Amino acid sequence: MGSDGDGAGRESASPLVVMQGVSKRFPGVVANDDVTLDLRPGEVHALIGENGAGKSTLMRVLYGLYPPDGGTITVRGREVKIASPRDAIALGIGMVHQHFVLVDPFTVAENVTLGDEGGPILHAEDAEQRVKILADSYGFHIDPAAIVEDLSVGEEQRVEILKALYRGVDILILDEPTAVLTPAETNDLFENLRRLRADGKTIVFISHKLDEVLAIADRITVLRRGAVVGETSPAETTKAQLAEMMVGRPVLFRLDKPQVQAGDVVLRVDDLRGGRLHGLSLEVRAGEIVGVAGVEGNGQRELANAIMGLQPLDGGHILLGDRDLAGVSTEEIRDAGIAFVPEDRHEQGLVLDMTLWENAVIGRHDDDEFSGRGGVLFIRKIKELARRLIDEFDVRTRSIESTARTLSGGNQQKLILARELETDPRLLLAAQPTRGLDVGAIEFVWGQILQQKAEGRAVLLISAELDEIYALSDRIVTLYEGRITGEFSPDAPAEELGRAMLGGVVDRAS
Amino acid sequence: MPLGDIGAAIGIALTYYTIIYVTGLGGLFSERSGIVNIGLEGMLIVGTVTGSWGTAELTPELGLPWGPLLGMMIGMVAGAAFSSIHALATVTFRVDQIVSGVVINLVAVGVARFLSTIFFGQATQSDSGQPRMNPLDLPLLSDLPWGLGKAFQGLSPMVLVALVMVVPATYALSRTRWGLRLRSCGENPEAARSLGVRVAAYRYQGVLLSGALAGFAGAFLAIEVNLSWNEGQTQGLGFIALAALILSNWNPIRLMAAAFIFGFAQAIPLRLADAPIIGAIPPEFIRMTPYVVTIVVLAGFVGKVRPPAAAGRAYEASGGG
Amino acid sequence: MAAVEAGTEARGARRPEWLENIGGQLLAVLTALGIAVLLGSIIIVAYSAGTGVGEDPITVYRAILNGSFGDKNGFGYVLANAGPLIFSALAVSVCFKGGMFNIGVEGQFIVGMATASFAALTFTFLPAPLLVLTVLLFGMLGGMAWAAVPAILKVKTGAHEVVTTIMMNGIATSLVAWVIGGPLRYEDTGGGFNVNLRTDPFPDAAMIPDLGHLFGIRSSARLSWVLLLALLTAAVMWFVLRRMRIGFEARAVGASPGSAQAGGISIGAVQIKLFLISGALAGLVGIQQLFADQGFLPAGYEAGIGFTGIAVAFLGQKSPLGIVFAALLWGVLARGETSLQLETDMPREFIIILQGLLIISVVVTYQLAKRRLFARQLRRAAAVEDLRDSEAPADAGPSEGSGDEGEVR
């Protein structure tokens, strides 16, 4: 199994931090339920669980962002109350969030020193100097005077880590750090983490990616629905066992892909230009799933928006069958037969403050079936539709009059899927369709997508999760800086994909 | 066209520049901390009535010297106090910032009337002929030939203050710890919070500062320009200051230019109404000038500016700090 | 799910959600009223102590209420006054539903008055009912035209409507002043010198019939059909917002523009339509003044209703029903100014303070109530989840990957 043995010698060291019986509640949910956990110096401690298990919440309690509702926290033998990030930092605890919290227009040095500037008057050169020295001492390559907005994602992450190191933390919490990294950048990160561990630091590694956890961790704590269900180490467990602990039942990692003969080309995208797109071309056939793999920020959002007519283009064509959709309104694009499951279900999917039945009919509210010529809505018909969709897709809710806000992430996604698939589209465009969902919901969504393929529809899948790309795609293309850099079959090894995702142009694989 | 008219117009422009710049600067601090402040007009109004009272009633009663200056200080304090409503609503209660600003403007009119009855015994105006500061003639500049010198004669000393204000403002924003932290609250409050910066505190400071500056500008308007208080004397200058702020891309230095442009637009109906071409237009249309200019500027420039990223968004701080 | 749904529907009569929402809103409004009254009492006491006037809150409030409920004419005034306020507040709330702030109702109503006056003075050959309808139509057209400018600017250039509408107000004031003093100016051919600037008097056919005489009411604002028109308009607006496509699209755009757009709704088209509707409503604000009370358009027309409409819209929490009640409440307060002055020693300006307190407390209370409602909705929803399969509500405050620390992207 994967882990280096470095941490083994320190297992007998006394714990640095003990969280004892910690609980945290939010309206309607118990996020952490009587959790007990300890952290030792010089170890990488992985905290795993599926989305919603409480991993981030627990660490946010430790970092002082939330007050716990129960339990105690002991640091270096003394019981403490951590009421704010300031307290946590004072105790030597630092955190790098999943979504970076950097001030874009500021420089690296300003971001690192914010809150600890060293005096009422700022001295930019001194700050930059200090940051450079710190970065070099850990082997981080970063320009302290660079503006954060211009940095790559991997560099931004290094800035986040530097923020913590600058304040002399001994414990560094990383929340899903590899979600936004390429395989190569992940390796760099692990190198840095090993260096930090050798220096006696403690790393808390929150993740749901079991392969990585097995590769880097010394100890693994598994959370399920807010409670600890197990503690182990890579030597003592397997990926399948971990998955079962996380979910509570055996988990399939691959679904059976239906065998379907690919038909005519349904969607052809030709040399798209505009925003982050720099000449993107691809095509999708009926009965096939094309997976677009790539690290976030390389044009995924723009590609989806362009196809749906939500973004102006500088050039290129989008052909659905024979029809060029460039410049056409979103309404017409949807009517032409493209269904959209957006990557951000709150910003582009559901209207959270409207009821479920209202959400169920968005996009079809002006169909003859649901509204008359004068503009009057046929409420009864709409509610019938909503009830049927909710039933078919098992969306759990008190009533169709509840607002979309009250649904869980998985149920929200189900509602969106139900609504979109109801239109009997020619093409399903799904962007990050299982982000933030627990395993049960992920299985459901994957099943639906495969069903679309079985029924002969075309599916364009955009995802940053390689597991998902491999599980669903018939053909994989890699996206880098607004262009397709390679095409692969699902048998291709991840390293090749990784290289193409970083811009290395690869010959077309079988 | 007699250049003296232009000179006089520039003088008026400088006076209105003062009001617009100071108010706009206040708005700048508020917005860069993350709180949009539509209520500048209301804070101006509060400044006018309280400043007027300070100069005309309070200081003579207490026998204090420097009435006008004290009046402006009182306007400043009153503006800050009034703005605390906006701060409380938006920062603590997380009411929508624009809604709160609109409410502030509505309430200010009523408050001004109420105070006016208490101060002056009448609802909509004070007595005229209030004391003002001794006007200055700027050395050298007021001797400019061709009538341009008129622009620099008879100016209130506060105009000079408004011209140099940019220095401490820029310094505070870009070279001090306070400024860095304030700006971080407006760009990414989550980042600030995660490093222990108390976002709510900085936003309160931003809003109170905007109230103080707007209150000061209002008092200046009543004391130095109109020499009395009248309902409606602010004439939308608070909104013009907002437009100037947008035009300046939230930069104190560029705000000077923007404020002067709008100040000059105010001056046109007042001093250039008889100029060629302009004189042929009916007076009511000339009075529209400042408003038309504002719209044109906004329509032309909005797409090209970049407001503080987090301005207008409510920030939820749970737990400490 | 079917079982859950059926069960809920069967018990639906017990506590439908919409009823709970209204109950919650009513509670919020009453709380706000209570807070405002309380704060107002403090001011009364402070003022009395400070100026030796010696009034107590109970007397003051009673005096205020006396103005409206003490005699028929007072009540008639309140009803008549409500008409323009309802139009104004509806105009504001229509745009607000779509996420926009129309502060320009003032300017739109003034221009509407000018165009309505023009119609009244030009189409004099039309018989009574037709002339009235024409006048109303022109009023709406004027308001729509004035609202179209900031709307188009917003959609095409992104200029923020708050500032542009306010600027349009300023332009409107000057423009209409010119119209009254120029094209539509009244020249007294009787030879007398007319001191007050105004338009010609409108033909009788354009005037709106009085209703007050049916009840023996002769109030300074004449109770007329305008009130009925306003109530009808409020009902129509409710229907438009809740049961028609444009209302649906407007609410979607106002609540989540991105999701609306991804669903095929054209944000720009909706915004312009809303502003036009809003402008049309604004154009009717001046009808009471011109065609029920005065009979001509004076240079000293009653201004400010556009802004008061904003206050009434907030008070009524932007729902048509709430607006009607808020307009009546506002009328009671306005009428209370006079009775306050006659019966007590408090200055009439206290009313304005009270109005201000009311707006602020409504706005804040509404915000707090909304948050508590969310929390309760989430708790309820969680209780429904099948225990075996329970998932954390995505928005229960922060959860994995979607924390409220700005992580929902």
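Should a chain be cited, it is by its letter among A, B and C, assigned in written order, with residues numbered from 1 in that chain.
In this section, a contact is a pair of C-beta atoms (placed from the backbone, for glycine too) under 8 Å apart; a residue touches a chain by one contact, two chains touch by 3 or more.
These numbers were taken from a predicted model, which means no experiment stands behind them.
Participant: In how few steps can one go from subunit A to subunit B if every step must land on a touching chain?
Facilitator: 1
Participant: If you take the mean of the Cα atoms for each chain, which one ends up farthest from subunit B?
Facilitator: Taking each chain's C-alpha mean as its centre, the farthest from subunit B is A.
Participant: Please work out which of B-C and A-C is bridged by more C-beta pairs in contact, and write that pair.
Facilitator: Ranking B-C and A-C by C-beta contacts puts A-C first.
Participant: So what's the Cα centroid distance for subunit A and subunit C, whole Å?
Facilitator: Chain centroid spacing, subunit A to subunit C, equals 44 Å.
Participant: Taking the mean of the C-alpha atoms as each chain's centre, how many Å separate subunit B from subunit C?
Facilitator: Centre separation, subunit B to subunit C: 29 Å.
Participant: Any chance you could list the residues of subunit B touching two or more other chains?
Facilitator: Residue numbers touching two or more other chains: 188, 190, 193-194, 318.
Participant: If a residue has to touch 2 or more other chains to count, which residues of subunit A qualify?
Facilitator: 65-66, 97, 101
Participant: Do you know which subunit C residues sit against two or more other chains?
Facilitator: Each of 397, 405-407 in subunit C touches at least two other chains.
Participant: Which bits of subunit B are touching subunit A when the two form their complex?
Facilitator: Within the complex, subunit B touches subunit A at residues 174-181, 183-184, 187-188, 190-197, 309, 318-321.
Participant: Contact residues on subunit C for subunit B in the complex?
Facilitator: Checking each residue of subunit C against subunit B gives 51, 101, 103, 153, 157-160, 162-164, 166-171, 174-175, 177-178, 181-182, 307, 310-311, 314, 347-350, 352-353, 355-356, 359-360, 363-364, 367-368, 397, 404-407.
Participant: Which stretch or stretches of subunit A touch subunit C in the complex?
Facilitator: So the residues of subunit A in touch with subunit C come to 26-29, 31, 51-57, 60, 65-66, 97-99, 101, 176, 225, 308, 310, 329-331, 333-335, 340, 342, 344, 346-354, 358, 362-363, 365-366, 371, 374-377, 379, 387, 390-391, 394-403, 405-412, 435-436, 438, 440-441.
Participant: Considering only the defined contacts, which subunit A positions touch subunit B in the complex?
Facilitator: Contacts found on subunit A: 64-67, 83-87, 89, 95, 97, 101-106, 110-111, 114-117, 119-122, 163.
Participant: Considering only the defined contacts, which subunit B positions touch subunit C in the complex?
Facilitator: 38, 85, 89, 93-96, 98-100, 102-103, 106-107, 109-111, 113-114, 116-118, 123, 188-190, 193-194, 235-236, 239, 242-243, 246, 282, 284-285, 287-288, 290-292, 294-295, 298-300, 302-303, 316, 318
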